[in-house]
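For clarity, chains are labelled A, B and C in written order, and residue numbers in each chain start from 1.
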Amino acid sequence: MSLLSVENLVVRHGLLQAVRGVSFTVERGERLALVGANGAGKTTLLRAIAGAHQPAAGRVLLDGADLSDVPSHKRVGMGIALVPEGRKLFVQMTVEENLLLGKTAGRPGDWSVDRVLEMFPNLKPRRHARTGHLSGGEQQATAIGRALMSNPDVLLLDEVSLGLSPLIVDRVYDALQGLISSGTTIILVEQDLNRALAVSDRVICMLEGRVALEGSTRDISREDVTKAYFGLHRKSTGSVPA
Amino acid sequence: MSAASTSPVIERGTATSRIAAVAVAVIIALLAIAPQFLSAGAVDRMTALFIYVILAAMWNALAGFGGLVSVGQQVFFGLGAYFAIRLADAGLKPFASLFVSAIVVGVVSVPLSLFMLRLRNGEFAIGMWVIAALTHLLVNLDRLVQGETGTSLISLNVYDAGTRRMTIYWLALASMTALLAMLFGLLRGSTGAAIRAIRDNEDAAASVGVRVTGTKRLLFVLAAFGIGIAGALWLATSITFQPKTYFNVQWTAYMIFMVLVGGIGTFEGAILGALVFFLIETWFGGTGVWYLIGLGATAVLFSLFLPRGLWGTVEERFGLRLLPVGYRVRLPGNPTAPADDGTAPSPRQSTQHQEKA
Amino acid sequence: MSNQIIQGILLGGYYALIACGLSFMFSVMRIINLAHGSLAVFAAYALWWLASRFHVSPFVGLLIVLPLMAAIGWTLQRFLLERSARGGALLPILTTFGLAIVIDNLLFEQFGADTRSLAPYIGSLSYDSWEWPGSIYVGKLAVIMFATAVVLLGGLQLFLTHTRLGRSIRATSEDPDTAGLVGVDARRVNAIAAAIAMVTVGLAGAFLGMRATFDPYAGAPQLLFAFEAAVIGGAGSLWGTLVGGIVLALAQTLGAQVHPQGFLIGGHAVFLVVLFVRLSTSGLGLRGLLRLPSRSAS
């Protein structure tokens, strides 16, 4: 059984339909990259999986269990953790407090404040600093650490490189590399196509709320993705088989 | 929506609303001659009803259209009465003093608005209450008022009881009609679009260039002026002025009840609410404390389960609109208001959000 | 004069007690509870009823009344405020105002118009005093009240910073949506916060009854005191409410010196002055006067 499946998901923001009937599955240990232009519905999709948006139709299943009526805080307890776009830290609270909040759901696992600080050594001296005073990279590290603290089965990473300098992005991904190679299931939204393809097994390109292209990273060319990104693939037969 | 036959129609009034306009004129005419046929007691009750309508309409103007919930509107009610006492004491004709007093209240509210309108939501609500409490205390200091003992509008006694009753009745009717007409004109005019924009989304309105503060100030001053008239008229009907009675928060409680039950943010709702309140008071007012408990409980229940009030709910269900203050777009094949696409609108943006130009 | 100043400072402890629940609830749930004062008076009546009817000392009575208040807070949040808050920022004002009217008049219906006091049930404590150097007499009750306020505010501060639940409350206060995404049950946290706030209201009600008299309609002035102290105390920490309470009490004391009617006028006046200064220095965009440590322009 797939670890996570999304079935015909429709999500609306008022009258605007941000996600229009999206379906896909994610196997345990898989790393899926979601790419697409701004406004393609990637963030909304991730937030709907995490329970922050109520879908208008369709459903999300985790290990076969329907999550439709499960509020976001319970999904954390079931093993879904989101690193939200824009980091969304509690800026009045310290790094340590933000990390400890990640433990609220009480899932058993190895993650602890110390382990997060080992993964992101740059946070060590800032442990008791308010996150509002941190640099962008430090904030992103805290946000990732906070999600990891819940010992998730599926980690949703939304634009972790947004607003960071290339050097800092490298560092964040270096730190994530251990996680990526350790077999954690990850869905990540990433603007940088090369990076998205480098770290993922499979890629889904979204266009105007729909899946425009889906395929294994090995079989798919950068050009295919670029075409799908701009909606040029429509001229061809449709989506490339996975 | 491509064919010409299915293009939307923009209209101001509806057939119902044109009939309603005629009906309103007839009702006002009937009310004007009604005292000929009513007992003295009934005339007094009708006068009270007119004052309630004023209070409800003015509180609704502030909260329903300006988004400003105040629990201190009794300050203007009290000041309306107090200034009337003061002006009459200074030698002004008693009936003239009632209206000059309301103008003074309106003037006083201008500097107050500069200050208070910068508070938000609950802070504005209680902030106004503090203003009312402080004003009450300061009025008590006036030697003429003699603290809580109070005083009377003695000069009104030069008229005999019958003349006094009729005059106050007609003044109340005229004030009510004029204030409602002012509000109606305001909502239909160019300011009306701004008011509805603010009601639906204040930040969005500001971002497209609506003068939010100016519009709110206008409503604040209008409400102060109107409630000032109501206070002065109440003084005229009861003659005695005890600060405790006039600066009582109960007046605001009545206003909130009327508007909440009638339908916040709808022009007709406030009038309906005043009627409902008037009937409840007539039937249950004698039960004392249980009557007040009932009013409070009804307000709580309406706020939880029917936040659009009676009129708002009727309007939404049946697309009925008697006194249209906005425009509405009628989509072909849909005789009533356009469907809402299944998204539940919040109670604040009641059905009239389709009414924008 | 220094005697009056000390009395004023101690009275500030009471205002801090009644204010901290109001600003606590506002900072967590963004709701100003207009029934706040009425609920404090309700607690005072509950203690009075236990004392006059069953001879339960008000201090023992608190063991019953405080859990009751916590339960009321929980219920209130779950069944009234939560639903009401979904309808926008204005609706809870109307809901809680209606609730205040119901509580006030139910109290009137049940206990009549007579003013009551808990003073007869706390023995000599209501009038005993200590003599401090400089022949200053301070009432024992006033000192206990002040100490309670300090302990309560300090305890609340420690609870918010050092416990898991406290962190959850602060996180919810800062950003309820994101709190949910990290596993915090915002509904539960809000209900707990309301319960805590009502416990402080219960304590405030007890001291209201011990230090003075109350009647069914005493809730409104208590609400205004609480609001004024909370706003004067302003954006600082919980300790701000203590400062706010003291400033309010001192202004009232000063007002009473100037004019026999000046006690309340002084309090309202200092509130408006502080408000005026704050509004004219903060520029536009003032979004909240009542604000706990958490929350900022994030």
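As a convention for this text, a residue touches a chain if its C-beta (ideal position, glycine included) is under 8 Å from a C-beta of that chain, and two chains touch if they have at least 3 such contacts.
It should be emphasised that the depicted structure is a prediction, and the values quoted were computed from it without experimental measurement.
If each chain is reduced to the average of its C-alpha atoms, the one that sits nearest the average of all protein C-alpha atoms is C.
By number of C-beta pairs in contact, chains B-C lead all other pairings. As a whole-number value, the distance joining the C-alpha centres of subunit A and subunit B reads 52 Å.
Rounded to whole angstrom units, the spacing between the C-alpha centres of subunit B and subunit C is 33. Put simply, the C-alpha centre of subunit A and that of subunit C have 43 angstrom between them.
Shown for subunit A are the residues that touch two or more other chains, of which there are none.
Not a single residue position of subunit B touches two or more of the other chains.
Of all residues in subunit B, those touching subunit C in their complex are 63, 67, 69, 71, 115, 118-123, 125-127, 129-131, 133-134, 137-138, 140-141, 147, 249, 253, 256, 260, 289-290, 292-293, 295-300, 303-304, 307, 346-348.
Contact residues of subunit C toward subunit B in the complex are 26, 31-32, 34, 80, 83-84, 86-95, 97-102, 105-106, 108-109, 220-221, 223-224, 227-228, 231, 259, 261, 264-265, 268-269, 271-272, 275-276, 279, 284, 286-290. Across the interface of their complex, subunit C is touched by residues 50-52, 71-74, 76-77, 81-82, 84, 88, 90-93, 97, 100-106, 132, 146-147, 150 of subunit A. Remark: subunit C residues 164, 167-168, 170-171, 174-175, 177-186, 293-296, 298 touch subunit A in the complex.
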